[in-house]
């Protein structure tokens, strides 16, 4: 199967990282597509939770926002937002937090707050939302983002949510027991943290992608794991299910009622 | 006990220039009609609380009603930026906007603490991030038993809480169902409250498992405004107008087109205009 | 995911000698059948948490299962004393019982903090009273913004939480309705949990406004025990057996009559005996 | 109407103290009877709240316990117990807290914990339950208790819930803004706190009761307000409604099902 886009490859690779018994806190956008693709393919029992309070939801179309009616209609139950953050996220009930972001650094810290200085920003981004506490309260974190020199940067102007910290040692130094980012899935490859330094290192390269292309789209010298494998291309079934849900989604969100 | 009033009178009675105001609704049940009424009545100097400012605060900020915004995620969900919010923060238009920024966990806990009449909220959060460096309202508190440090933020206790609900009964009890967000907490944490509703019913009838009921004596004013949450949605009444959220990106990108839209659709209209978006009559 | 087990196996798998155990249910849905099973299996050295010990803990204490009781109101509601609790505290029979005493507000907040994975709970309380003089687990914490002092107690994080619920579905999701007390918090705060239910259904069907659902993955074991909350009640299944609560006063007043009752009704019976109190078959 | 018992007089006098727009946190026993009598006579819209989480309940029979199904069946809604104590009681939503107790002192402090020493008690009582926080979080407190030398005592062995403190000055010294006990309704008379000293002082004496009888049943020298009135005897309607609900209650609680 070669007829797929880098974004499709990214979503499919991210979906593959999820297991049937995961309890997943889903960010909007690419994470939501990956989580629902997993649910509709190899992980039908995966538990998806959105910060709007919907527990164990099974949307038929991808939500445009974190609180679409579709999420509530198809959930096992819906709780208030304070309860979601207190009992479910902080309560330690979530195995995987799935995040995206505007900028990332080599230790998988994320910035979604500002470009430039905080008080006089060049670009004001939306802010952290649930991410700061998702990043430390979930068992582990998956991140999915398209790579570019502007998004994969050597130094973040602002740390909105912590990955492995500015030096890779912050989580351990602070006594945080959760794992932090264990996987970063891009449109080019998959990174995992180096067991020692925690720097995100390429472990798998998507079909047709070169190391040069990865470096061109990364703002720091890319490190590779000792063993780097080739990401299997999307299967026909993966692509079909993904395109189906995206077509349903486009149709559902297109028209004003 | 809650009083039934017109939306005009409810806003006139409850919201004053300079008040702290929380208009809540987490994607679902955002009180747009009430926000438009505040704009029409020309309120100034408001401190606005809201987890996700959404288009409703883009409109209030762009029309110059707000001096300060307390928030945790300021985007157009699934679409992109809130251009009026960005223009205020980046360029000071129509005037400089002070911001106090939190995470969702902080604000959700702060509303919960407000409803519980506590002076502050504590939670496991803000670890390894830069927000505490720019927000002096993020502190730490130490567990007196374990010595562990937790994040602390002040409770949210607004002058006025504004929400949109599904129904009120004739006694003024209010029903929410579906994604209920922080709306119950917003009403309970506020000194005064305005609730707009889709309709008034004799009896709430069979209710969903997560229904939330606010007794009449917790609410100041109720205004019946069918469609009053448009372009957000009211579960069982009408769907989210995703197309409008997408269209807003173009409308709000430019100051002129924003002002023209506000004139035509807010300043020259009244709450009854929302009825076109409500549930079609049987 | 929750596993369906016999009550015998659930107690054998989840509760060990010396564990901290919370059996909750606020008048409604008290897990009597599970308590009896713990007595039959002869657990010793338990630290028992419960806001209102009720007859269930009178029985466990009288049978010598508990070394310590953490509670906030220890009476037979509407009737009088819990004689076995009093005999243990006043006379050390069957052995000395250590007690840690709180108010309802403290325990409710402590369960809430446990479910929220916080090390302690804070609240406005314990002002001008003597309990803090005799309970070192009552401390004060200072608001970092206002300087106000609040009461603080450790979060409750039991080894095992035990509740009775109305129904489970086949996936092991659990439904509570009516007065739900602190049961959801008890399960979420506990390392392991046992839920007894009246029945297993294909689908929960229409639910009341305050229904509480515990997802299967928050529960360790589910045992189907119709009538398992008797003599407390299960809304929609059977009523509170007030006459038994009144009768218990006589049974428990005397050590001999207590032991005889326990032998006949607990030690020589099994969970199936509760079915006689459950909803009559159609 | 002279055919009534002292307990009936107590319940009726307590009921009369309640108003239609009160939001009342109801203790079990005598407070519950008084609150429901008020609801069934002059205060049909009174809001009754029980600590089990039942908001705005309208029971047809008096509950034996604080969490009877009748309370839930007839409530506007029922919330969890943590929410009850956080949002509703501590939230400052309750105008009147209605308490009883085993022992009371002249400043309306209550003991329901122990007689004798705490560690080796002569009598172990049930404990505080909701009372310690009801006493300080409600707008004001009404107390109803039958008088006897054993229950109205000069010194409490244990303060379970604070009235006006050991000296009458504690509430002000602690900066507590709620009023504390404003009325103590017994089977003999009605006490209110002296505006200056906060000592509970008799303001109204029930029909047929003498000052001597009040003193015999009070463990401290009883003080009287400057103006002491006679409590109006129960009306026929008050007695009828009270006896009706008690008959219904007895019937409902009598039989095992």
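We call the chains A, B, C and D, going by the order they appear; numbering starts again at 1 in every chain.
What we mean here is this: a residue touches a chain if its C-beta (ideal position, glycine included) is under 8 Å from a C-beta of that chain, and two chains touch if they have at least 3 such contacts.
The structure presented is a predicted model; accordingly, all values stated were derived computationally and were not measured.
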For chain B and chain D, chains touching each: C
Approximate Å spacing (C-alpha centroids) for the pair chain A, chain C: 40
Computed distance of Cα centres, chain B from chain A, in Å: 28
Chain A residues counted as touching two or more neighbouring chains: 77, 86, 90
Residues of chain C engaged with two or more neighbouring chains: 112, 116-118, 123-124, 184-185, 209-210, 212-213
Pairs of chains, among all present, that meet the touch criterion: A-B, A-C, B-C, B-D, C-D
Interfacial residue positions of chain C with respect to chain B in the complex: 116-120, 122-124, 137, 139-146, 148, 150, 152, 154, 204, 206-213
Chain D - residues contacting chain C, complex: 28-29, 51-54, 63-69, 71-73, 77-82, 84-86, 89-90, 109, 113, 118-119, 121-133, 135-137, 158-162, 165, 170-171, 174, 176, 252-257
Residues of chain C touching chain D in the complex: 26-28, 51-52, 71-75, 77-79, 81-82, 85-86, 89-90, 101, 103-105, 108-109, 111-112, 123-131, 134, 178-182, 184-185, 209-210, 212, 233, 235, 238-246
Partner chain B, residues of chain D touching it in the complex: 21, 23, 47, 55-56, 76-77, 86-87, 90-93
Footprint of chain D on chain B - complex, ascending: 1, 112, 115-118, 173, 184-185, 188, 211, 213, 215, 217-218
